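The first chain written gets the first letter, and so on, giving A, B, C and D; residue counts start at 1 in each chain.
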Amino acid sequence: MSEKRGSLLAGLALGGAIALLSLAGPFLYRADPYAIHPAYALRGPSLAFPLGTDELGRNGLALLLAGGQATLIVSLPAALLAFCSGLGYGLLTGLGAGWLDKILMRLLDVFLALPSLVVLIFFAALVPLNNVSLVLLLGFLSWPALARLVRNEVVAQRGRDFILAAEQSGAGRFYIARVHIMRMIAPVLVVNATFLVGDTIFSLSALSFLGLGVQPPHVSWGSSLQSALDIIALAPWWLIIPPGLMIFGSLLAASLAGQGLVRREGAR
Amino acid sequence: MALLLGAAPAAFAETQDCGSIVIPPGLGIGPGADVTSLNPLLTSSLYNQEAAGLIFTPLLWINRFHQIDYERSIASAVTTPDNGKTYDVTLRPWKWSDGTAVTSADVLYAYQLIKALGQSYAAYGQGGIPDIIASISAPDAAHVHVALTRPVNPQWFILNGLSQLTPLPQHVWAHYSTNEIWQAQSDPAFFHVGDGPLLPQALNIGIDAVFVPNPLYGGTKMHFSRFVMRFESAEGQELQAVQAGDLDMSNIPFDLYGKALQLPGDYVVTLPPSYSWHELIPNMANKATGFFADVRVRQALADAIDQKRIIALAMHGLGIPVYNPVPPYPDTFLSPTARAGQYPVGYDVAKAKTLLAAAGFLPGADGILQKDGQRLAFTLLIPAGQPLRIEIAESIQQDLQQVGIAMKVRQMEFNQILAAMVGQPQAWEAILIGMNLGAYPSGEELFSAGAALNNNGYANPKMDALIKQSTDQPGLGGLFAYQDFASEEQPVIFLPNERYSVLVRKGLHGVQDFLNPLGAWAPEKLYCTPGRAN
Amino acid sequence: MVTRRLASGAVSIFILVTLVFFLAHLTPGGPAYSILGQKSTPNAVAALNARLGLNASLPVQYALWWKHLLQGQLGYSYLLNRPVGALLWSYEVNTLILYAIAISLSTFLAILLGLAQGVWMGRWPAQLIGAFQLLFYATPPFFTAAMLILCFAVWLGWLPAGGIGDPRLAHPGPATYAAHLVLPVVTITLLTVPMLSRYFGAAVHEELEKDYVRTARAKGVGESAILFHHVLRNALRPLVTMLGLSFPYIFTGGVIVESVFDYPGLGWLLWRSALEQDYPVLVAIVLLIGLLTVIGNLLADLVNGLLDPRADYE
Amino acid sequence: MTPVLEIRGLTVTLPRAGRDVPILEDFNLTIAPGRMLALVGESGAGKSVAALSVLRLLPPGAKISGEIRLDGTRVEKAGLQRLRGAVASMVFQDPLAALNPTQTVAAQIGEAWRVHKGGSKAEARAKALALLEEVGIADAATRLDDYPHQFSGGQRQRVMIAMALVCGPKLLIADEPTTGLDPLVAQQIMSLIAGLRRSKNLAVLFVTHDLSLVAEHADEVHVLYAGRSVEWGAAKEFFAQPRHPYSAALRGAVAWLGQKKLAAIPGQLPEPEARPPGCRFAPRCGFAQVDCTRAYPAPVQTDGTIAACLYPLQGRQTFTPAAGAPAAQRFAPLLEVQNLSLRYGKKPVLADVSLTVGQGECLGIVGESGSGKSSLGKAILQMLPYAGRVALEGQDFAALRGAKMRAARRRVQVVFQDPRESLNPRLRIGEIIAEPLRLAGMKRGEAAAKVETLLHDVGLSPALMGRLPGSVSGGQAQRIAIARALAAEPALLVLDEPTSALDVSNQALLLNLLRGLAQERGLSCLLISHDFAVVSFLSDRIAVLRKGRVVETGETSGLLAAPRETYTRKLVEAAPRLQS
């Protein structure tokens, strides 16, 4: 038992630390992340700048914290949005009539095969890029995978005896979904919710490769990593490793928590 | 402003054949992109012009100082008996690569093809071509007579207009329809006849364009047997490639300039800036940013922006400030006041603040200036994924913050920015973009009311008159008056232009003369000395 | 069975292509601006659109596109002025090489790790592998790529940071071509191995618990014989299905890897054509991805059909 | 003659929840060549563990002490492979899972041969063919390259036996080989094993929970209860007069054909962790005295078998079947089914089935697996689309829609076969039973009270309301399912194989409960099962179903005494009957 709970606790602890660092950080470490210091451009870590400076001489640590804040306030709500729409779509497909299931599944296959890049550029051009639209954009990217999972799980549960018995006593489709289905697919949902958080953080960071993520001068972990990549020949490791580790840390926290939950739920 | 001319060419040590020369497109101009067309009439991008320039010798070769180098031109002389309305061009004996002589008929054919292409012609309207020409005729094989619809400033027409009539192999191309010519623009086989130094051998999509010396080329012989334009699409990779021996030259991204200097063996050549500038286009047509229409606001913007800091930070010191619509290098067309460095605008935060106060802007609660309810705030659109532009924008944002102007920055795909700029005046507030100029820096396409490239609704009768004078009256008086007035008007906020440096592999020389900031290459200037691993 | 599967696959692809076709065309901007760049003036753009056939109504263009497709033509790339078919093939070769090496390497490693994890479940080797899987599952590809470039290309300078050494060029021979492949392949492998090996390990462990393994032991068959003759074959089936299904996942990862390493493969071409709205190339690539995904799933099922006679794969 | 199998003082512990729990203690057994010993006990008694420990096939973490000798040589960890399959081999309960689904029958039998005898593939293939013919697989030559899923249940078991005997072992260990097979098929497998025993002078250790099965074939019987041997000896003696109270109770609880009264064994089988001191059957034993609980009773040689009991049963207590069933009453019609037919895709399942169930009557539906009996139940419950007319109290379901249909369906409730499957593992037992009440709009408080009475009606304590289904035994779970069905106050209760997943003692309890409920509440029910004895115990009338057609219907005792159809007669003969 300890090994299962261990990874769950480790995941939550790591995730909590990162969230705390990013959300509270900017208030604790007072430096202005966007102040440009031409004289100190591209310097390694020093006392004045614990995490060095970027090519415009901005404070690396302050950027990292501001980046964390920008990343989390967008990716967490996006994960929630993706979770709800994926769950809704999955339930609708799983419980709906046969023909509805066929159509929605066909549509789902299309979404899963659709290169997210095309969709991104389309929406990014039409919708003014602010935190809200980013949440919608990211939410849109991650829900299909969860939808398919929920649908398959619902279809697997739909034929079970205790559901037939409930229907025999006059249970309607919504009662079945609310009382029986939700409880049975709860473990799958919980586990994938944690992985979803990891996915949205990763997608936001990938977005900055397109210049579509957080807009300058604001930064997200992904955009700092990306701008560091442009000058990789100068080996600015202090610009690459911290944001990379923060993204890695949040993804690790999500999968650790997810892993712990899988074993705990799976064990029943 | 003495400009470093780069290393003096090495003494004529014992030269050796260079074998293959491999360089990326866009040397000295910007991040290279694939060559997609070899037809000089259809090349909208500078990189395509470089490739086409290798195959066809221009009617008039314009050198680094914007003077015609008759040594390298097909025309041996251009005269204008009535000082601006009619022109006589004498051609030099010259041969096509299949031995046929280059005649005036080839020049006339080029003109007819431009007329046939109409708006599809890449430089339509530049230097008045083609509509300004009333008639063009070839009294004999070596002479072309051009009559214009109205007398114009000869320098303007010759440098910007006449120079476009690159002779084309009429005896080969005439068999094809305009559409077929359009369709074959990227097929090397179609360009087997050329009169330039090189002929195209292959255009491998996404990889390179390979050229071989034109056996019947009239100019000096090449010092190499193969000339390859290699499409590296990320600047970071190019430095690596030069060191690894994959490339002979490459642009040095500004951030990596320091590192490039220490690379063993290879050496750095810093080039004069290309004939262009960066500009922040304030959109006066957009109701949301009506305040740009007030010249004092535009002047305040120009005064608030510290161009020297931009050069120091974003361009690592390799750039020149620009305050008027004539790039300061070469100083051929600089007005006396500009040449003396006296511009009506310049980095002066206090002046900017007084100008804004005079314009009636008072600081709001959040410190941002506002006038009868409208905050002095706007969003600057910049092309996505270009580190240089991002850094310029971030530096400007800080500067404007000091004088109480709030500027947000947003990255957008380049073609979407252009679409908004050209077609949707209400969809954008300000745009940061580069602008390249023709040999004669007149502004008829840029700032006169309703001009093709005037997208921010700027219109000023005095500006129109001065521009007209610079293109229609002979002499440079018009040009000088126009540039001084434009510096005062700041129809777009002029920003510094970067000076690219090129990393050159050990043993390769003549780079300075080979690269011409106006984009035309002189491959015969390149030569090699021993010690160059081939 | 196969025909029904192909039919539903065709429907998906049809919807996919239609969606992307309209999505791309409706995005503001347009290829004309990418081509003309600074020289974009209203008249020049209009003339270019006319020549490219872009000012016809969208449904007409769509119908035209299908007509050409049925005649086997994929149209002309606006930006590269080249027939899309030839264009696609030259980029696709690079992607195929990259993916062939990366996926076969990943599958091989996944099977090894999976076997070890399945057999020693609960003991330290399995936990070690589990930790490895967790770590690299949580690593975003561009961070892996950045670290690899930092270490091997910049600090150690052993390998090129990116791009592609084209074998046809005089300077960079096949050796440098291979050198350019190393880092992208390692990145994709680190991207796919955790997922595949965890999946395979679970399958192996599940098979080991099945009754027929106990019967084999009762027959006196040795442990290793059981593992390779019985368990490996049955555990491969879910892995093959997983491979068939994971094509889109690997491709999206690939787009990022190709753009970070500036490796001119299909992912990179998709990236560019999407940005510059080179519609014919974009839609052609999407069509290709759709086809490869459907075929990938079908192949996975056929292979599984061979592996397991029981299922007449519906 | 040295015995084939000798087991001395065998004790086996298995890790459960972190602790090593003894499953089998001080187990002794010997089997001479050619003799068949039946090892009998309920699930959890440790009989499978005993069988598996002979060839050390126990799950990981099992610890074993004591001595096992096979054909004279001690079984050690080393050389185990040489023994397995050559000296002794095993046959398991679920043949489909025990065969590798992706390998041909010839390959799997051939493997058993080549592991020990080597030789070429062709030779192994010939051997496999010979064995398949020997175990009675029709036209074995064409079936060599078939896969396990292409054989029926019985044929698969024959393949398993072929595989076990291919190297001519001296001992065959069969762990419940016939459980889960239809009675007719089970009987054929038993006679196959008996035949092979004689022809190959093969010793057989036959593990089962079903006494009736081994009555005709076993030479000796060994009864296990809660991990200890309680009685062992010659089969003739045992069946004539079981000496240990548990053996006697076990015989009484089996639903012999025609039996009208079942002696259910009170209480529950103790969990391995919580086995009582002294004689483990004492808490449930009718004859228990005070000293039974002090120490585990030493084995006593009675005039028949040996029994580990301080007060073995004396004299001949015979079990007389009860008198004939009450006279058949006429019942008013409740459910009418006319020419009902049903198809899964293109496969016809039921064809032109007609039957009626009267008010308070219990109709039995008997048929082998694949006869469509479950589908008939589901059709009547409106869970499957069908053609034909099904009417409850004169009201045809086809004419009903929406709320009327839902109300009509509520009057027909169902109890499924697998208790685990029929309860939502994540809902509290109180909530499960209250579901039909809540669906009818009853408030939470009122429903809770009703649930308590229902729990009482099915003989369960109200304390169970707060617990989850996972924490109760199979028998208790089935009774909860019944309580839930009763909550909807149905007119008709459909029971789909209600007892086949239960142990003998739980089966008896459940059948008695159902019988009581039917009489008290005048509840009419439809009992579906493949076990003729169970159906005959409860139902007033029986319909025999074969391949989707009703072959014969009749009043229970009349049908048993003189079945009209040959198929029915074969079914009746295969049913467990009391040995006179």
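Following the convention adopted for this analysis, a residue touches a chain if its C-beta (ideal position, glycine included) is under 8 Å from a C-beta of that chain, and two chains touch if they have at least 3 such contacts.
Predicted model, so just to flag it, every value in this text is computed and none were measured.
Novice: Can you check which chain pair, A-D or A-C, has more C-beta pairs in contact?
Specialist: A-C
Novice: Taking each chain's centre as the mean of its C-alpha atoms, which one lies nearest the mean of all protein C-alpha atoms here?
Specialist: Checking distances from each chain centre to the full centroid gives C.
Novice: Taking the mean of the CA coordinates per chain, how far is chain B from chain D in Å?
Specialist: 90
Novice: Chain A to chain D: how many Å between their CA centres?
Specialist: Those two chain centres are 51 Å apart.
Novice: Centroid from C-alpha atoms only, then distance chain A to chain C, rounded to Å. What do you get?
Specialist: So the centre of chain A lies 22 Å away from the centre of chain C.
Novice: Go ahead and note the Å separation of the Cα centroids belonging to chain B and chain C.
Specialist: It comes to 40 Å between the two C-alpha centres.
Novice: Indicate the residues of chain A shared as contacts by at least two other chains.
Specialist: In chain A, 121, 125, 209-210, 229, 232-233 touch at least two other chains.
Novice: Residues of chain D that contact two or more other chains, please.
Specialist: none
Novice: Using the touch definition from the top, which residues of chain C touch two or more other chains?
Specialist: Only 27-29, 153, 161, 275 qualify.
Novice: What part of chain B is in contact with chain C in the complex they form?
Specialist: Chain B reaches chain C through residues 19-20, 22, 34, 36-37, 44-45, 118-120, 122-125, 182-183, 185-186, 204-208, 226, 228, 230, 232-234, 236-237, 240-241, 244-246, 384, 413-424, 427, 433-436, 452-453.
Novice: Looking at the complex, which residues from chain A come into contact with chain D?
Specialist: 160-162, 164-171, 175, 179-180, 183-184, 186, 268
Novice: Where on chain C is chain D touching in the complex?
Specialist: Those residues of chain C that touch chain D are 210-212, 214-222, 229-230, 233-234, 307-310.
Novice: Can you check the complex and tell me which residues of chain D touch chain C?
Specialist: So the residues of chain D touching chain C come out as 55, 57, 81-86, 89-90, 92, 94, 97-103, 111-112, 115-116, 147, 149, 160, 163-164.
Novice: Inside the complex, what are the residues of chain A that reach chain B?
Specialist: My answer: residues 34-36, 38, 41-42, 55-57, 121, 124-125, 129, 209-212, 215-217, 227, 229-234.
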